[in-house]
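Heads up, the next two complexes both have chain A, just with different partners, chain B and then chain C.
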Partner chain A sequence: MPSSTGLPNRVIPVLALAAFVLVWLLNLGVVQPNRIVAGTGYGLFDATGWFGAGTVSSLLLVVVVLATKPIRNRFWVLSFLLTAALMSLPLLLEVFALRKLPADSAYARIGIGAGFWCLAFFLALMLLETLSQLKASRRVQLSVVLLVAAGWWLCAAREGLSSLSLIREYANRADQFSQALTVHLSLSLGAVAISAVLAFGLALAMVRRERLRRPLLGLVSFMQTIPSLALFGLLIAPLGALSAAFPALQALGIRGIGWAPALLALIAYSLLPMVRNTYVALMEVPEAVVDAGRGMGMSERQVFLQVKLPVALPVIIEGVRITTIQAIGLTAVAALIGAGGFGTFIFQGLGQAAMDLVLLGALPTVCLALAADAILSALKFQETPR
Partner chain B sequence: MIELKGVTRRFGEAVAVDNIDLTIETGEVCVLVGSSGCGKSTTLRMINRLLPRTSGQILVDGEDINKADPEALRLNMGYAIQSTGLFPHWTVARNIGVVPTLLKWPAQKRDERVTELLALLGLDPETDARKYPHQLSGGQAQRVGVARALAGDPNILLMDEPFGALDAITRESLQQEMLRIQRQLNKTTVFVTHDIDEALKLASRIAVMDQGRIIQHDTPEAILRRPASAFVENLIGKGDRGLKLLALRTVSGLMERHPEPRHPEPVTDSLNESDSLRIALSLMLWNNTEKLPVLDASGAEVGIVNREQLLKVGA
Partner chain C sequence: MRLWLTPVIWIASLCALTALLPAMAPLFSWVEGGTDNLIYTRDSFYTLLQSHIWLVLASATMGTLVAVSAGIFVTRPAGRDFMPLVSQIASIGQTVPPVAVLALAVPAMGFGEKPTLFALVLYGLLPILRNTLAGLGGINPAVLDSAKGMGMSSVQVLFKVELPLAGRVILAGIRTSVTINIATAAIGSTIGARTLGDPVIAGLVNGNTAYVLQGAILIGFLALATDSLFEALERAWARVFSARAHKA
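After this line comes the complex of A and B, so read on.
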C-alpha cells in the first residue's frame, strides 16, 4: 500500500468542517407562499429536525474520522459513503417539504437555500479529493458522476419533491423545456460544426499562403471583440431587410430575429478560437517530422493525412472544446433576439424576479457545458500519445 | 553509384552548394565533413530531391534523378536525420515500419523486418517496440531513426548527422554498430558529420567541404597524409594527425604472427586483434614496454606487436 494512503488526510477534514459550519449557519431551504414572494428561510435544524440534522452532522463526523485514521481501504469506504450521500442529498429537501410545507395552500412551494448548495458543493469537493487519492481512472470518475446524476434524477421524480419550486417551474413548462434543449443544442452544436468546417478551410489557406495569415486572423479576431449583444443586435437590420426582400428566405424562417441571426453570430464568435487553434496546431508540427515524412517517400497527401493532421489533432480538438463551451454559453444570450433555448427561461425569470425559473435555464446550460467539456477532454486525452 | 556533376544550389543570392562534382561508388561510405553551414545537408537533400538543385546533374546508377518519381526515389533511399524526426504519434514499431508500409509489404513480412531491425540496433523487440518516441532516451531515438532508414532495405543510405546530439560514449557505440551493420549490409552510404574523428572512423572516402565546395575527396589515410590545403590541415588537426593515422589501422595488420597460437603468459596488458595501433601505442607507453602480445577472440596469443615497427608506420 502506498505510504500516502496511511497518513492522515488534511484536505478532507478541512472541507468537512467548512461544510459543517456552513450547513448549520445558512438556510437549508425557504418556504414561499407563491412563486414571486420572498419566503421564510429555515436552518438545518428547523428544516429537517433531529433526524436530518443528526444524519448530516454524523455523516461529516464519520468522514473526518475516516480521513484521519489509518484504516485499510478507507478511501474506498469514503468514496462509497460520499457518493451515496451526494446521490440522496435531495431527500433532505423532501424531509423539509414534509415538515414545513403548509398543506392548505396550493401555491406554496419550497426553494433551495444556500446551505443546501454549500453542502452539495463541499461533498462534491471531498469526493473529488477521495477519487484523486485513489488515483481513480477516468471510467470510475465518469461512473461516479453518472451515479450522482441518476440519484438526483430519481429524487426529482419523487412525489415528495413536487413542491420544490424548481420542479414546479419545470412541471409548468415540460414541453418548453425539451424544446429549449433541442434548440439550444442544435444552435450551439450547429454553429460549432459549421465554424469547424469553415475554420479548417481558412486555417489550411493560411498554412498554404503566408500572405493570407494577417488579414484572416485580423478579421476573425475583430469579430471576437464585438460585444455579443451588439453583434446580435447588428444582425437584426440586414437580415430583416434580406428576408423582406426575398420571401423565400422568410419561408425558411430567416428573419431579423430568431435562429438565423443567432446562428450567424455564434459562428462568427466560434471562428477565432477554431481558426487559431487549427492554424497553430498545423504550423507547430515539427519541421523535422514533416521533413522525415517526405524523406521516407510519403506523398504530400500522405504527409498531411498520416503525419500533420494526427500530430495536430489534440490541439485542434482543444480548439473545438473551447469553442463548444463558449457557444453553449453564448446561445443562452441569443435568447434575447428570440432564438429560443435555455436563455429564454433565464430572461423570463429575471423579468419576473422568479429566481427558480432563472435556475431552470442556468442549471442545464452549465450541465451541457460541463458535459461537452468532459467528452471533448476525453477525446483529446485519447489522441495524445502517452 | 551516385554521381553529382557540376551541382549548384542557391538560396536567393546566397550560394549554398557551389558547382560540386562527386562520385560515390556502390557499397562505399562517403562522409561529407566540414564546418557548420558549408552545405553538407543541402548536398544530401538534393540527392533525395527534398531540395531541387539550381543547376547541374545528379545521377543514380546512371539515371538522372529528376526523371524518376520523387516518392519512388525516396522509398529506395533510407534517410536518417540528427533531430530523428520520429513520428510522435506512432509507436517505435510503427515508426520503423513506415517505409515497408508505404511499399505495401505484407503485414507479416513488415513485422518480421521491424523485429529484425530492433535486434540489429540493440533495442528490445518486446518492450521498446511498443514505446512512443517521447519515452525513448536520445540514444534510443537515434537508433530508431537509423532502423527506420534501413527498414525498406534501400540500396542507398543518406544520413545527416544521425549521431549528432549524443554523448561521446553512446556515439562511440553507435559508430561501432554502424561499422558492423555496414560490413553486413554494404549499402551505398552518404554520411554527413562535422566531426572529423567520426569521418575518419566510418568513411571509405571523405569529402571535405568548405563554403559550398569540395576541397578534397580521398581516403581517410590520404587525407591525413596529404591534406590538400591549410583548411583541411586545420580540420584534421596538425598536432595529432600521427595518432589519427595510427587509429586507422588495426593491430592484426602489423603484428608478427606466431606460427602456432600459444597459451598467453600472464602479463599486465595485452591487445586484441581488432584494436587500433593507436591503442597499442598508448598501452606500450603506459606499461613502458617494447612489445605487447596480441590475443584472438578465444584468448590465445597469436602474435606480438613491436614498438619500433609501430613507430615507423606513423611517419
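After this line comes the complex of A and C, so read on.
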C-alpha cells in the first residue's frame, strides 16, 4: 500500500477544478452547416442539457470528494471511475448531436469543441495521477489505455456519431486513410531499420577505433541540427539532378520529390540517437562482466554476442525508441515534399481550412508516436537485466 | 575570446547570405532554368529572418519562464505533490510530434502568428521543464544541507546554490528547445506565420526549386549559427562557474 493513501490528495482537486471551469466556459461542440463554414458553438449546458451538464459536474464533484476523504481503496475506486468516464466520454457528443443537429440538412455535421478536449485532457491527467498513486504496474496501465481506446472505438462506430465531422472526413477517405497508414509506417519504420544497421556499424567502428569517435559524432549531430524542412528542401535539387541524369533511377521512382528524399532525410536524422546510444551502450558494459566471460573461456566473438550485446540491449532499444518517435513525426513533415502519409491530410486540411481533415491527419500521427513509445518502452523494460 | 569566434563567424555568414542571396540570381538559374522568377520576392529575406528569429526568441523566453518556474515550484515543499504528474507530462508530452502540436493549434486558434507562437511555447517548454527537474533533482543533498547550515534562507539557497548548479543542465534544455523550435517555426509557414519556411513552401507549391533552396539554405544557417552560439554559451557558463568555485 502506498504511504500517502490516507492523506488528502491535492493534485486531483486542482485538476478537477480546472476541468470544471474550462468545460463550463468553453464550447463543448459546434454545429456546422457544411465542412468548411465555422458554425455555431454550444457550451456544456446548451449542448447536452441538464442531463449531460449534471453528469459531468457531479462526476467531478465525486472525484474531488474521493481524492480528499480518507476512504479505503479510494484510488482504486477513482481509477475505475475515471477510466469509465473517459471510455464513455464520446457519448456526450452523441447526446449533443441528438439535441442540436438539424435533421433536414444532409451536409450539417457536428464538430468537437475545445471544452470537450479540455475535459478529456484533464480526466486523463487525473487518471495518470491516480495510477501513479497506486504505483500501478505496466500491465494495469496498458489495460487502462486499451480500455479507453476500445471505448472510443465502440462509440465512434455507433450510428449516433456518424454526423461527427471527423468521422465524416474519415468515411469519405477510408481508402486513402489506410494507404496513408501504410506509407507512414513503411517510411518511418524503414528509415529506422536502415539507420539501425548503419548505426550499429558506425558504433562498432567507433568502439574499435577511438580516433573515429569525434568526427563521426560531429557529423551525425551536425545533420540533426539542420531543420527538417531545410533538409528536405536541400535534397530536392541533387536528387532531381541524379534522376534526370540516370533514367534507371527515375524508373525506380527516385525523383527530387516523393519517397526518396524523404527516406534519405529520415535516415540522416535517425543516425544521431541511434549511433550515440549504441556506442554508449557498448562502451558502458562493465569490464568485470566482460572479464568473467573471458574467464569462462569464451572467444571474443562469444563475449560480444553472449555478454556485451545482451547487457547493452536496453540502452540500444532506448535509442530505437527515440528514433522511431522522431521518425514518425518527421514523416508527417515529409508530406510537404510529396512523400504521402498522414501529413498529407494535415497539409490538405490546412490548405482547405477544413479543420477536421487536419485532425484526421494529426490525431493518428500522435497515436502512432504514443503507441511506438509504449511498445518500445515495454520491450526495453523486458530486456533490462534484473 | 576564441570561445565566441565560431558563433560570430556563423552569424556573420548568415547576415551576409541574407543580404547577398538576391544578387545570386545567375547561380540559381543553373538549378531552375526555365523561369525568370529566380529569387523569392514576396518578402525580403531580411524580413523573414527577423520574423523567424522573433518567433523563436519570444517562445524561448516564455517557455523558459514557465518551465523554470514550474520546475522550481514542484521541487519546493509546497508543490512536491505535483512532482510526479509534472515530470510525467514532460516526458509523455515530448512523445507528441511537434508538427501535430502545430496542426492542432489551428482548430483551436485559427491561422497566423498566434497559433504558431502558442505551439512553439507549449512544445518548447517540455525539454526545458525536463532538464530543470533533472538539474534541480541532481544536486547533492549534502551541498544543500551545508548551504542551509551556513545560515542561508531557502530563497538564498535557490538563487545562490541550486540555480547556478542546475544552470548548465537547464541551458542544455533551452538549447534543445530552441533547435526544435527553429525547425517547427519553419513549418509554421503552412499555418500562416511569416518565417523562412515561406520560400520553401512557395517553391514546393509552384515547383520552383530555386525558392526552395533559398529558404532551406537560410534556415540551415540560422540553425547552425544558433547551435554554435549555445555551444559557446554553455562553455562560458561552465568556465565562469568553475572559476567561482575555485575562488570559494
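One rule holds for everything that comes next: the second predicted complex is superposed on the first by the 374 of 386 C-alpha atoms of A that agree within 3 Å, B and C clash if a C-alpha of one lies under 4 Å from a C-alpha of the other, contacts with A are read in each partner's own complex, and residues count from 1 in each chain.
Throughout what follows, contacts are C-beta pairs under 8 Å (C-beta built on N, C-alpha and C of every residue); 3 or more make two chains touch, one makes a residue touch a chain.
Remember, it's a predicted structure, so these values are computed and weren't measured experimentally.
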Next item on the list: Please indicate which partner A:252 is in contact with in the superposed arrangement: first for chain B, second for chain C, both, or neither.
Entry: neither
Margin query: Between chain B and chain C, whom does A:225 touch in the aligned arrangement: first, second, both, or neither?
Written below: second
Next item on the list: Tell me which partner A:311 touches in the superposition: chain B (first), chain C (second), both or neither.
Entry: first
Next item on the list: Using the superposition on chain A described above, determine whether A:295 touches chain B (first), chain C (second), both, or neither.
Entry: first
Next item on the list: Between chain B and chain C, point out the one touching more chain A residues.
Entry: C
Notebook entry, point to check: Now for A:157: first (chain B), second (chain C), both, or neither, which partner does it touch?
Noted result: neither
Notebook entry, point to check: Which chain C residues qualify as touching chain A in the complex?
Noted result: 31, 81-82, 84-85, 88-89, 92, 95-100, 103-104, 106-108, 111, 179, 182-183, 186-187, 190-191, 197, 200-201, 203-204, 209, 212-213, 215-217, 219-220, 223-224, 227
Check: Hey, which residues of chain A end up touching chain B in the complex?
Finding: 286, 288-289, 291-299, 302, 307, 310-311, 385-386
Notebook entry, point to check: Contact residues on chain A for chain C in the complex?
Noted result: 9-11, 114, 125, 128-129, 132, 222, 225-234, 236-237, 240, 256-257, 325, 328-330, 332-333, 336-337, 343, 346-347, 349-350, 353, 355-356, 358-359, 361-363, 365-366, 369-370, 373
Next item on the list: Show which residues of chain B lie in contact with chain A when the two form their complex.
Entry: 48, 50, 71-75, 79, 81, 83-89, 98-99, 102, 132, 134, 148, 152, 158
